[in-house]
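Take a look at the structures below.
Next come two complexes, and both contain subunit A; in the first it sits with subunit B, in the second with subunit C.
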Partner chain A sequence: MIDLPKKEVDVLVIGSGAAGAISAWDSAVKGLDVSMIGVGTPATEMSSGCIRFNDDRSVPEGLGLDRGDLEDAFSRAERFLIDEMKTSGLKMEGARRDQGRYYRCHGTIVPENIVQGPTSSGGLDRIEGERICVIGFEDRTEFDHRLFAKALAQRSDLRVEHIAVGTTNGVLRNSSVDDLLDMFVDAAGSASGEVVFVPPFISLKDIDRWEELEKRSGRKFAEPVMDLGMPGARLRDALISSASRAGVSITNGASIVGMSISKGSLNEVTVRSGHRLQHIECGAAVFCGGGLVGGGLGVSGKDVIDPLGLFDVRYLREGDGIDILARASSGGIRTGPGLEAIVDGEKVRNLFVAGASLPGMNIVEGNGIGDAMATALLASKAATEASR
Partner chain B sequence: MSEEDRCIRCGSCMRACPVVSTFGESVFPGPRSLAVDAPRTGKPMSMDELLKCSICMMCRDACPSRIDLPRSILALRAANRRGTLRPGHKRLVENIDSYGYSVRPDEGVHGPYPCKGPTTCLFPGCISRWRRPEILDDAAYVLRSNGTEVACPEDLVCCGSPLEKIGEHERRERLVDRNFPILEKFERVVTTCPGCAGQIVGYGIDAMHIVEYLYEVVGVEHLVSGLDGKGLKIAVHMPCHLNRDVGPHTKEYVHSILGAIPGLKVVEYPEEDRCCGAGGSLLSGFPEMAAALAKGKASAADRAGADLIVTSCPFCVVNLTNAGTMRTLDIVSLLRTASNR
Partner chain C sequence: MRGVDVMLLEKGDFCSGSSGGNHGLLHSGARYAVKDPESAKECVSESRILKGIAWNCIEDTGGMFVSVGKDDPGFADVFHDACKATGVRAARSTAKELHQVERNLSDDVADGFLVDDAVIDPFRLVLTNIEDARRHGATVRNHCEVVSFERSDGHIGEVKFKDQRNGSVGSVVPEVVVNAAGSSSGSIASMVGGNLAMTRDYGTLVVFSGKLVSGTVNRLRPPSDGDIIVPSHTSMIAGTTSRSISGPSDARPTIEDKELIIKEVSEMVPALRGARAIRAYGASRPLASGSSGRGASRTFKLIDHEEGGVDNLISIIGGKLTTYRMMAERTSDAVCAKLGVRANCTTGEEVMEASRLDEAVTLVSASQSESMRRRYGHVPSEMMNVVPVGSMGVQSCSCENVMRFELEHYASSEDVITIADLMRRTRAGMGYCQGTGCMWEMASALSDEGDIDLLIRDFVRERREGSSTVIEGDQLRQEMFRSHLLWPFQAARGGEER
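Presenting the complex of A and B:
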């Protein structure tokens, strides 16, 4: 294939999770021309949307990062979460516990997140009716029917009520699926809704029971199925829209296939977009491709590797290979001291690594997204300087 | 380690799947169940289950382990196909055997530009040749008015994409053998259909989708000079095979072109990249499912306040038009409309 037209950018950010997004945002607000490419679902999107900043700085300090710089980066990342996420429509609230600061996002459920029902209905757009009833258990908080009702009521074309079924934990423990079915039929009888959402106790594949429910009560039944990673997905959307507002050019679904490095300097990154290749000349690049979970790193034999097999790697925990996964999960791309990548034993002056790709920062090791974001701000600062 | 063994069971593919999120797992088991779990556990799958995938490739792009789930599903279809095709797929095969096209040629429509001379070929494709001939016409118009004369040889047949989707590889090869000698004589092949572009690249010919050609060869500035968007508010539908097979650079191209047309407003909505339901043989196999997906897409565009949907694929135009709620135009038709003051 013919190559795509060559592109020139000041900073290329590889990876579009939390680290990539904040890094790209930071360089872009400083006035640089920034491109960000990413592929796959980053760990940020699979997360619970809760961001932890560890009090213990030993892992990032172990990468050779200056304590003062780190403190500055941590507080800037926390400010970013509060201010920028608010502009992106996400309210983050911080709280201190367990040797860290935790930020959670609020109000993340929107009607579109309630994705499916079992039989005749399916997808909120296919709900046949305007009056909805959500049934829940009074004393079971794991299914919050009021929250679901509130989320559904955001749609102005729906009228939503909620009903609590009186029960105790004991009743649920001793109830068979058919007992629950009777309870739902009774409760639906007192509801005015045409479509009744019930707690997730009947398998979505158990078509016979769903049909029985509908037959006995004369109403449509559905189960509000929510994506597990939904708060994480909303967090990621907000991060991406912050980067986009700052002027970052974002390409999803493209991946790096090569880097041209000579004399300790990165000149060009080759990117695959569909059937075609593009050469991107960049002043500096930041690799935020993620760790083992986000797919930025992989395991080959006993070793952690990056997708290009290009970078040198380092392990924080040495081992004889019995505990391969533990060893691999403490591993990452070797840098520094600082965040400059090491390739073939040599520092590359304008290629930086941040986030879960760094040794000890892997999500498996549990160092938290906050620490990943702080290192990303240090990487973007270095990249911004190196690209000038 | 096989590719499927890299699965970390994160569920990203299942969440990304438009068929699962619209119909539920009781209707369609989803990419992971089909491409990873079933082969691993030896659980038999019916061809119907396999054929409900629209090959939109959203799962492939969502997978953190970079498993090519749609490719696995296509391989399973090919391995599983004996006598189990849907009626719509049987018709498709019969049409290709009789006419060389996946649809039955309409007698009112004639092959448009069987001219010799131009070094650029506009590949007609089944849908824009016979079902939506105005798209082919508009494409030729836009190319010609921007300095590119095109040939559209009469003897070209179906690109083979629909056969690949139902596992009919030998038949597909026969079509390749008919198209290849014609296409290889041209300096450049341009298609209106992203599916055709991807297939012809698979022949080893550097085909370009028309959006790529307009952006890279004609140039946005030249293309939009003198155009008038007439105050229209449009929602973009990115065709799956353009965005994820031809490549995501085309998304930037589409937005650059549309954003540069004076008087045209592009409305944002979160479903822009979501499948309309036409692809992967879903429209021919399960038309009611394809219609439901299209309807969801059209109502999302409607909610965003758009007057019409603009896409870059004749097949998406057909399916979104079938939904009946939003006017849908191919980008070449919009460009032609915008050039008539």
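Presenting the complex of A and C:
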């Protein structure tokens, strides 16, 4: 093991998903020296990249948070999504729905829109037109255009056709994005559909290409949400890019191996990256390691645990059948009314928890990225104050 | 094979009941030598035959019986004598010799015996039989449930069955009806007014990811809960428990069953405690004898319902996977006697068609053909017709190394209508991720066959039945991850089952 020189920061953010990135960004734009460390694939990256801000505040309020502070955090998170993501090259589109506000990357279609069909989507993700064409790569199974077309037809009254392009892996390997763009424009030209679904092949900051695709073919393009799909990865890229621009120092592939806490105060965090060990002295820290899916929390038997064995964790011990899943995911790290972590029954004044690590906030439970981002802004505000 | 015109009807998929709900052990007979010598002798002769006629379904791993510290040392002699008396080969071995065969044995293992146990893939075995039966002219239909028997003057006339594919009702007028419905044999018999004395006994098995044993490891003591572990493909299966149940619907593994199995089996193989339990499953054993549990004989019973007032119904109940061929021979003897057919049974001599060496010119990679040989016994040439030209194909299931063309091949069969049907044939979805990624691939391969939502929902339900009661630790986290991935799909159905 190699010991790296000790580092000093104002705020250390642990976890680099949506909650970690917005929290680090927030502290950094206030002029603080911020480091963010992360490991693995955050749940944000695995998600559909769609963000919901629930009207129902019962979960964050259940954590003891002040209602006024929460409202403020929610509106700041929404503003961040619209303004800051645009600067990072991601065009977020939002609309009001029954239970909250929904945002997604331009061009992304979520399953609800397919089910509700062309007319009832309330402005967001609207499929305008009645004929749909799905274009896919012949021998790439990560986006199965036939399956998708079939599902689409089954779930709606839409008329759906599908077209395959690029018959061998070799074509894809040797093609540039512009070659692919030409292929899709050609294929769309032979389609009768007004809306064309394509696999995500245009990368971040390529809104121009997307618009070119639509302009040249005269059709509206959309890309569907998939498992481990691009929209989630794009959202995460944009978030990281914003944090980086704000001056956050980012280390990926690093995990915490120890925290030194004495007299209710966090002094030092030990971080390991491969064979390198680093001690980071910090004024305050925000833990956004995620829940069960993000990997910030683990499972031992049926109990939700914190792999560091540090925090006090709230869990429901008993469960049966499918309930176990819901119960396990409702566990999380116990916090005080200002999101201060509780360790051995005592609040730690400068260590805060946000996002899916909090009880009831796990993404599987359904509270999602919006609430995670709002709690992250509250935690970063508290951390910024505590570090001074 | 004896010239009789045969139709086989199965209400679900082939091997979806008790035949598939076991640990896939091809008994050497040693397990039964002491308490059930009749079953032991049957196992000796039948396992030898099966290693010949169905070699592609069998991994001849060998096995052992071991005694652990506290076990009764007197049992070894009783066991040895019983094996000699029943013709079961059992070679007495020291702890050191046993450790040379199985490196993960406990240091508490005192001594034991090496036996001729082997591992049999029940799904492959049943499918091989079906293929062979078809080749001999039998009509075989799965997903067809018998809905009524027309009976007059103690004779079954027309039999009606419903095809689950399209709900259509077909009919047949058989000369003789064989009831081989496993746990449902009782209800089939009562549909014709017959009666079957049968007890149902439920056994739980736990599947673990990876292999800590190379052959079977059995506990050297009278048959008891948690006395065996069997290697199987990429996993190992530990079992079993035994409790009587009232009907197939009570047949569910419990957390207590699982804990008991881990506690008992880890006394022989301690590292099992650290292994990842993927799922638990089980099936009810339809036992022919009046008693149930460990005391009940595992031998079979052939019943001619003529005495009970139905002159053309024969039921075959009890028995075990290892003796299935013998049970079938006795049954077809009885059928032929009724029909006046004189031809002899040749199932003990003729190698089944799918077991004949049929090695395709290998278009797939070396590791892929190795995987296919493990799963199918060989690289089937007919599967190669759909491999894209100039391509090794695309991998669909990384846990079990199943390629897309394998899924396409089976999906094109009329027998296959659900994702679980496809899984039983290819093993896609049986690994530790339980189909997280490959269920989409399977749905996609099947998508011309039916409703995708329904396919996925049925499969998730089927997999969860096995895991939900016992899931914990890493596997629970895996299941959380899967729920997360399923969410966008399920949200489209109105948010249920999130």
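In the analysis below, the second predicted complex is superposed on the first by the 255 of 388 C-alpha atoms of A that agree within 3 Å, B and C clash if a C-alpha of one lies under 4 Å from a C-alpha of the other, contacts with A are read in each partner's own complex, and residues count from 1 in each chain.
Simple rule for what comes next: a residue touches a chain if its C-beta (ideal position, glycine included) is under 8 Å from a C-beta of that chain, and two chains touch if they have at least 3 such contacts.
Bear in mind that the values here come from a model prediction, so they are computed numbers and not experimental data.
K.L.:
One more residue to check, A:Ser75. First (subunit B), second (subunit C), both or neither?
P.N.:
In the superposition, A:Ser75 contacts neither subunit B nor subunit C.
K.L.:
Quick one: is A:Val293 in contact with subunit B, with subunit C, with both, or with neither? Answer first, second, both or neither.
P.N.:
Once the two structures are laid over each other on A, A:Val293 reaches both partners.
K.L.:
Check the residue A:Gly301 against both partner chains and state whether it touches subunit B (first), subunit C (second), both, or neither.
P.N.:
It touches subunit C, and subunit B stays clear.
K.L.:
Contacts for A:Thr251 in the overlay, against subunit B (first) and subunit C (second): which applies, first, second, both or neither?
P.N.:
The first partner, subunit B, only.
K.L.:
Once the structures are superposed on A, label A:Thr87 by its partner contacts, choosing first (subunit B), second (subunit C), both or neither.
P.N.:
In the superposition, A:Thr87 touches no partner, neither subunit B nor subunit C.
K.L.:
So in the superposed three-chain picture, is A:His275 touching just subunit B, just subunit C, both, or none of them (first/second/both/neither)?
P.N.:
first
K.L.:
Would you sort A:Asn267 into first (subunit B), second (subunit C), both or neither based on which partner it touches?
P.N.:
Once the two structures are laid over each other on A, A:Asn267 reaches no partner at all.
K.L.:
Using the superposition on chain A described above, determine whether A:Pro42 touches subunit B (first), subunit C (second), both, or neither.
P.N.:
Only subunit B; A:Pro42 stays clear of subunit C.
K.L.:
If you stack the two complexes on chain A, which partner ends up touching A:Leu4: first (subunit B), second (subunit C), both, or neither?
P.N.:
It touches subunit B, and subunit C stays clear.
K.L.:
Check subunit A for residues that touch subunit B in one structure and subunit C in the other, and list them.
P.N.:
In subunit A, positions 43, 46, 112, 115, 225, 227-228, 293, 298 sit in both the subunit B and subunit C interfaces.
K.L.:
Which of the residues in subunit A come into contact with subunit C in the complex?
P.N.:
Residue list for subunit A touching subunit C: 43, 46-48, 110-112, 114-115, 139-141, 144, 146-147, 150-151, 154-155, 168-169, 225-228, 292-293, 298-302, 320-322, 324-325, 328-329, 362-364, 366.
K.L.:
Help me check something: in the complex, which residues belonging to subunit B touch subunit A?
P.N.:
6, 8, 10-12, 15-16, 20-27, 61-66, 198, 201, 206, 216, 243-252, 270, 292, 295-296, 299-300
K.L.:
Under the touch definition given earlier, write down the residues of subunit A that touch subunit B in their complex.
P.N.:
1-2, 4-5, 39-43, 45-46, 112, 115-119, 122-123, 125-126, 204-205, 207, 225, 227-229, 233, 249, 251-255, 273-276, 278, 290, 293-295, 298
K.L.:
Could you pull out which subunit C residues touch subunit A in their complex?
P.N.:
Listed in rising order, the residues of subunit C that touch subunit A are 388, 390-391, 394, 396, 404, 437, 440-441, 443-444, 447, 451-453, 464, 468-469, 471-474, 476-477, 479-481, 483-485, 487-489, 491-494, 498.
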